[in-house]
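You will see chain A twice below: alongside chain B first, and alongside chain C after that.
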Partner chain A sequence: MPNELTRVSLKITQPRIDAYAQITGDPNPIHLDAAFAAGTEMQGIIAHGTLSLNLLWRALARTFGPDACEGAEMDVRFIRPVRVDDVVTASGHRDDAEPDRYLVQVTNQSGEAVITGWARPGN
Partner chain B sequence: MLSELLTYDRIQIGTSLGAHETCIDAEALALWRSIYGDDVGGNQDIVPPDMISAIVMAAQLELTNPHPDGGLHAGQHYLLHHRPRVGDVLSTTSTPLSKEIRRDRRWVKMKTETRDQNDRLVYETTLTLIWAA
Partner chain C sequence: MPNELTRVSLKITQPRIDAYAQITGDPNPIHLDAAFAAGTEMQGIIAHGTLSLNLLWRALARTFGPDACEGAEMDVRFIRPVRVDDVVTASGHRDDAEPDRYLVQVTNQSGEAVITGWARPGN
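And then the complex of A and B:
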């Protein structure tokens, strides 16, 4: 197993958020309606958390090939919102304590973690 | 769709919310590629592995609909057993595992299972949610 997962990045745009809302059937205005979102505690539109989380699956697939996702396990926490025009990057490094898994994170363009957790590739 | 708003108080631990069926077709894959640029799936006949959360979230939203606006996802745990094929009919069930109020927040854990049309288990997840009301 390599020490690092292949990094995967994505710019979060409103059209991408809109398409993701369509796929998930999630009409939550916090993701779609700027006027509504401005009045919430988030003070603006935030992206679906899983829109960024999916980059971790892509990092696993790019590192080991998509077949290695069969049998894979992942555990994550959402710790910071992602906003329109943020650029998020998924990465991971071998966990010294449990070498068969990776400590993973998604960070924004400021280097702040938005998702943290661990992932174990499948067979 | 539920007949009443699924508030925190109405969530019943251990009682399934039912099943939601979906089918990933060419149209859904095209929309997926419009977001991520490609599908990292390798074999084009197999659903890309990174679609797991979207499939589960779509089912979870439908099975808990209507629910109070303003909820948050705090964490998720995934086990991906098999990658379904494009065109498979995927059935996802959701069952509340636990709920508790901590620091004025309503924490709910839900377990989902997704099976294909042959009853093969493809995904399992545990969702940690903060319920809005």
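And then the complex of A and C:
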């Protein structure tokens, strides 16, 4: 197993969020309606957490091949919202204490973690 | 906290998978190319695991409101592939042993679990 996961990045634009909402059947206005979202505790539109989490899925698949996702395990915490036009990047390095898994994070363009946790490839 | 999460279902069609691949920037042919996918260990197209996982995200948001996803934690395992035209449903019930979290699963139309684990709402 390599020491580092292949890094994967994505720019989170409003059209991407809109399309994601449509595909996943999620009409929550916190993702779609700027005026509504501005009045919430989030103070503006946030992206779906699983849109950013998908980057970890892809990082596993790029590092180990698509079969690695079968039986994969992820323990992740969504610690900071992702905003429109953020560029998020998934990365991970082997956990010295448990070498069959990776300590993973998704960070924004300011280097702030938006998701942290660990992932273990399947198969 | 309610004993059960609000259930959320989605039919996983090929157009949905295609659109998801485009939005997330994931060109992996295991999700897109039936001929290629048939020749792999998966023996056919599989959906992105995070597309199904999104249902758990929505189940938390529907049960507790969108703010519940901020700081939420998920520990999930992808145990079975999701195929084209599967209908997947996320559900969860409170963990008696740890009542601040839910034992969660995503099942297919045959009642087989495709994702299992636990989730703890944030905020």
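As a working rule, the second predicted complex is superposed on the first by the 123 of 123 C-alpha atoms of A that agree within 3 Å, B and C clash if a C-alpha of one lies under 4 Å from a C-alpha of the other, contacts with A are read in each partner's own complex, and residues count from 1 in each chain.
Here, contacts are C-beta pairs under 8 Å (C-beta built on N, C-alpha and C of every residue); 3 or more make two chains touch, one makes a residue touch a chain.
None of the values given here were measured: they were computed from a predicted structure.
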Problem set entry | Combined model on chain A where chain B meets chain C, clash or fit | clash
Exercise. Does chain B (first) or chain C (second) touch A:P99, or do both, or does neither?
Worked result: neither
Exercise. So, A:F78: does it touch chain B (first), chain C (second), both, or neither?
Worked result: both
Exercise. Which residues form the common part of the chain A surface touched by chain B and by chain C?
Worked result: 10, 16, 19-20, 22-26, 28, 30, 40, 48-51, 53-55, 57-58, 61, 66-67, 69-78, 117, 122
Exercise. For the complex, which residues does chain B have touching chain A?
Worked result: 28, 31-32, 34-36, 40-43, 46, 48-54, 57-58, 61-62, 69-70, 72-83
Seminar exercise, completed: Seen from chain C, its contact residues with chain A in the complex are 10, 16, 19-20, 22-26, 28, 30, 40-42, 46, 48-51, 53-55, 57-58, 61, 66-67, 69-79, 81, 117, 122
For this session: Write out the stretch or stretches of chain A touching chain B in their complex.
Result: 10, 15-16, 19-20, 22-26, 28-30, 40, 48-51, 53-55, 57-58, 60-62, 65-67, 69-78, 117, 122
